[in-house]
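Each of the two complexes below includes chain A, the first together with chain B, the second together with chain C.
Here is the complex of A and B:
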């Protein structure tokens, strides 16, 4: 009787897969996504899918300049991703990266505008670093404090803090707008370049890339080998255990979120002092959210995040190149990259679970039913 | 726990996808002009001789490849207006061009400009005010490439020979649209829908920026020139494109008793609200008749094709492009759409023709200082902030021979007076 109602298949948790099998599944997922994309491209637009894929590749590697823009975009996204990681390892869902980047950017811009004419770069830039780190840390600390003291919901709290930060930036944009009523600050200190990160050789973006590379090593070390990192892992595993072994859970939550916010603040610093030299409400470009996906796909390993953030930026740049060469609307490019992302995320499901099918001899029983 | 994790991951996916969709999708369109010319519909009777002329030009002069940087894509009325102009100009000049859309007002603009140069463009055009500083940055580093920027304010003070600003005397177009609005108000008063004293106009603006102030003031002066009892209320949305805020703004004005609505913001928000409420509407950037067939009267817009052609020809002939270029009715830069006869008052077309002629021969000045007062007094002198600086220092006398000379000392508008008869409801932005 029981067998009659057995489903065609059921889902079971896998025992841990060997690394090459796991990567095999991931590659297969990307391959399937590319095939589906190719079908959709041909059916909808009649274009040759191989040409489209070539263009995606060209969007990132077509010229030296495109390559550096790719590297710069990866470095900023990576910076935010490693920033949210310590909090995530603690099971503190910091979705407030966006706001923490914005206040860091705002603090940097404030220093450049208010102190740009009075301090030399050798002093101004360290001041900007301190200001942006402090601003980001405070923005991360506020929800952590409420979580630690009163167990508020950190997901909602950090999300709300994003809106507060956006409005704060909007307010100061109006205060510093040039010309009056324009609603834009424009490039800050364009003639003096006060507070701008120096170029390395002729490369404007290299300094950002180096800073993020150093931070990536730092976060890896911090999570893996430091006492703090261990405490984070224990708190993330079980708060009760952490308390039992004498870890001050409240302190760990606040310290970790301050670090997480501070690193997001650095991302804001890099965006303002390194590249844009202005601040707008949209300067973080959704990276605070994208970083959550980057960190998660990389299983919170900072070095794996280099790969996952590369993937996201590569797809974004490719999407713009598709529209470029084929005159398609941006939405079509979003469909192509969206399919690839969904397949990659779905592949994680098949790495953790497997489908167990009904045994073959039940076919005959099925007919009876 | 697993379920919660799964839900969280799914929701962040949605959030980040939404973020990608709104921010990440910079796109480029590259269309060799030859392709477009092959299409039979491009060869309109009128355009044909022009195109033939332009095709001959590159043989003698420099080859031009144009690169365009636009803030949004064809879904924004503002950018659509530029997109159409770019295609029209390049096709009639017979040159190659690349269009990049959805380029934010940040470092992306600089990167886009340099990528266009990498691809062989020697004429770069950007359409959004916030692009200006990034265009200047790129212009400084690429002296052999010509950069033109619409709506910018800094070319005349920056002193770069390859960086240029452009705008048009759109205040004349606004004035004409205002005349059409005033005639409609008169008609409604005559029909007994409301009294002359109740003839209040509503206006949805983006920011308290000179371009917007110049726009609503000229519109108002046009309306008051035919309907002397007209007054106006203005509300600001704090965004150039926010459909909800513009709709809400229009609804608020209608509730306040405004009998006719106009706007300077780029979505269909205000026209849609007017259509629902049955209130006549004068729009901007192009016709909104498709969403408001029963309330749309007329719209004014800047046609950018004449300026783009002007730049392309200048580069072909090796002549200098002016630091500031201001289009006029005569250059074909200031355009009015067709009048919607279902809504407009009788005789609108004849009246507009008459006023247009007066504007063109100079006998009528839009900002004639005798037609408006500020704080109860007529002005005979005003220093405007023409040279952009962080302290908004007034620097240039702009009232000459009894009229405010708009878009003369630089192309972008600098009229920022709060004249009597116009009430600003909120000035936060």
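Here is the complex of A and C:
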């Protein structure tokens, strides 16, 4: 007889958890991930996992310089993450962060190269800000316009805009290459430092961090408390309802994507004027995509994104540190960080659901026999 | 089923519920919104797993942990929301998830479907794609799907909610055929007349628990309602005398085409007065939706006039204006649309955020005022008895009746001069329905021009002062509510002008 018995456990929705229990589950997930990582490290490489973890930690906190690099990387990633957030809240799948960063960076570089010798920094930098914001906004606005007017698929459209932006940068890199034939621009205005963001004290990166901190507050406030933010949420929730209460859906889509693109443009500005002082096709380093994950993990809360972007950058830097320190190839570092991320994402499931185990051990089975 | 308990988080859906199902019988399950009818049936169909309790089949205790288990015992459920793949044909949908031995043969599936159709009196083409089908045809596919899998116990969750009277009659015939073939049928419903017409036995659930079961022939609507609500209710609707009647909305020669170019409204003219309820009758899909949306500024109009008449007699054209400009003109027009979560509310937002949909623009500041909507939400919850865990609960988590109360509460709160409602009580239980009728009557007494689109003729005849009958987008006639004859209105619904007597 093919008799059934009650399953060992079933999944049930949880009563809402207190915040400290929810964070307890997340911490437990990280702990479990570290244990699994340790086992894999020992079995596969024979290295002492504690040593590996120490290196990961040192990759970010090993020296003052490393710490500031960590902070700088977090600020750029955070900037892109808060940039894509308004669009995502509107359920507009903007995966064009890459392209929007690139055109922002390109606009900044253009100002620095073309106007660096003729304008003083006090005028040049505001011009760069305007140029990068405008470039990013336009890059965001184009797919939004087509979406609003003809309901094109924004995911494909923004994705394709990335390639256009990459090629645009590639073209201008050759136009402005220094020296001729080098195939790259090199450091712009190295001697005059025209258009470079000023150092605060001796710190090159602090200004970027401050700018992003201010923007994070702004986006949080904009989403949560402004009328615009409310309209975004309504359009994201139901376009029909938005029309029903007289919200101009097309306008909201375009306005929001312009904002989203503009903030990505700012990220490009920070990269060129604040840190790299040059532009390459790979300057955004995939942040336009990584930011999507950062934003989702933080459930679109800009303050939680500080934490998630820290996590991602910390793991990335740790991974590169272990591959160089132990001579392991980069794939192994990716395995380690991948497992940690997987556990963190999976822990969200256990915050919303619980496993209910069968009561009365094997009682039903006994009856059948 | 015995002692079944199921909880979702802190919400108890079923508590020690019990139910018996017999072969060769049609069982109706009655219950208010959120009384746990659907949850109980989902546990039988293997969608949910009970927290505790036992299920017996032919006297033996069984465990149903998945829909597959349910099918092994011949239990099949037709859900309220169809679970079909649009781009596949009927036969392909039926074959989905089947693991029959041997080569997959869609022709054989189609053949078997035709046999089932002949046996029970369905009409369906197995090779038709789902997206080409009407709602009732889709439902037929769902029924065939479970029959194909050899179901002996069929559970239908509010099967008639989406059907026209004719389609309902057809469905009932099929169900009777199945009963006579020895199958057990369970239908979940709100409609008393369906219980009386179709079922052999009726079971009432209240607050997730079993209240009682009786043979249908031994009971009547009044008694069932009392069991349902838990106290005595009177099944009459008040019709207070209209007060201070003045023309408010004048519609002249309105013609509307839909996106496909089909004429949905054809030369419609009427006047809606303040202090009066204008009922709109008609088989659903005969232009009611387009009419209300045209007045609300959501529908492009081909020709005609819609005038809003102010207290001093000044007329203002509403055509060509969107909802925002109508609001800016100072016209306070409230609209309770048919699709509550899709159009009237945002499901993912909480009660408070939904309250400010109409009012969030107030004030010059770019910052939202979140305090007054919150207070309004609290008032609506208190005054209308909305059952919700909190103000911060997303409205999509509320049951249908409570969602409707939230929507009506918000629309009334803006002190409208015109209130339009489309199927305001669709899917609502008796208690909630009467509360809505009462609210609408109160608006009327405050001098609001109410336009009430309804599907239940009995209600329309009791509630409305005048009834406009729509048929194929034309005004089939306008009759006085007090003197109207149900049969005559019914005739006008199916043929323009009814038996000839035009207004």
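By definition in this document, the second predicted complex is superposed on the first by the 335 of 369 C-alpha atoms of A that agree within 3 Å, B and C clash if a C-alpha of one lies under 4 Å from a C-alpha of the other, contacts with A are read in each partner's own complex, and residues count from 1 in each chain.
By our rule, a residue touches a chain if its C-beta (ideal position, glycine included) is under 8 Å from a C-beta of that chain, and two chains touch if they have at least 3 such contacts.
Since we're looking at a predicted model, the values are computed, not measured.
**Student:** Look at A:183 in the shared chain and tell me whether it touches chain B only, chain C only, both, or neither; answer first, second, both or neither.
**Tutor:** Touch partner of A:183: chain B, not chain C.
**Student:** Does the superposition put A:319 against chain B (first), chain C (second), both, or neither?
**Tutor:** So A:319 only meets chain B here.
**Student:** Looking only at chain A, is it chain B or chain C that touches more of its residues?
**Tutor:** When the residues of chain A touched by each partner are counted, B comes out ahead.
**Student:** If we overlay the two complexes on their shared chain A, which of chain B and chain C does A:278 touch? Say first, second, both or neither.
**Tutor:** first
**Student:** Look at A:234 in the shared chain and tell me whether it touches chain B only, chain C only, both, or neither; answer first, second, both or neither.
**Tutor:** second
**Student:** If we overlay the two complexes on their shared chain A, which of chain B and chain C does A:225 touch? Say first, second, both or neither.
**Tutor:** second
**Student:** Counting only touches as set out at the top, which of chain B and chain C does A:244 meet: first, second, both, neither?
**Tutor:** second
**Student:** After the superposition on A, what does A:146 contact: first (chain B), second (chain C), both or neither?
**Tutor:** A:146: touches no partner chain.
**Student:** Given the touch rule stated above, what does A:12 touch, chain B (first), chain C (second), both, or neither?
**Tutor:** In the superposition, A:12 touches chain C alone.
**Student:** Provide the residue numbers of chain A that touch chain B in the complex, in ascending order.
**Tutor:** For chain A paired with chain B, touching residues are 63, 65-66, 69, 93, 95, 155, 170, 174, 176, 178-184, 186-187, 190, 275-278, 280, 282-283, 285-287, 289-290, 292-293, 296, 316, 319-325, 327-331, 333-334, 337-338, 341, 345.
**Student:** Per the contact definition, I'd like the list of chain A residues that touch chain C in the complex.
**Tutor:** 4-7, 10, 12-16, 225-230, 233-234, 237-238, 240-241, 243-248, 356, 359, 364, 367
**Student:** What part of chain C is in contact with chain A in the complex they form?
**Tutor:** Residues in contact with chain A: 7-10, 49, 51-52, 61-65, 69, 296-298, 322-327, 335, 337, 339, 341-349, 353, 356-358, 360-361, 366-368, 370.
**Student:** State the interface residues of chain B toward chain A in the complex, per the touch definition above.
**Tutor:** 8-9, 12-13, 15-31, 73, 98, 100-102, 104-107, 111, 114-115, 118, 129-130, 132-134, 136-137, 153, 206-210, 212-213, 238, 385, 388-390, 392, 416, 428-429
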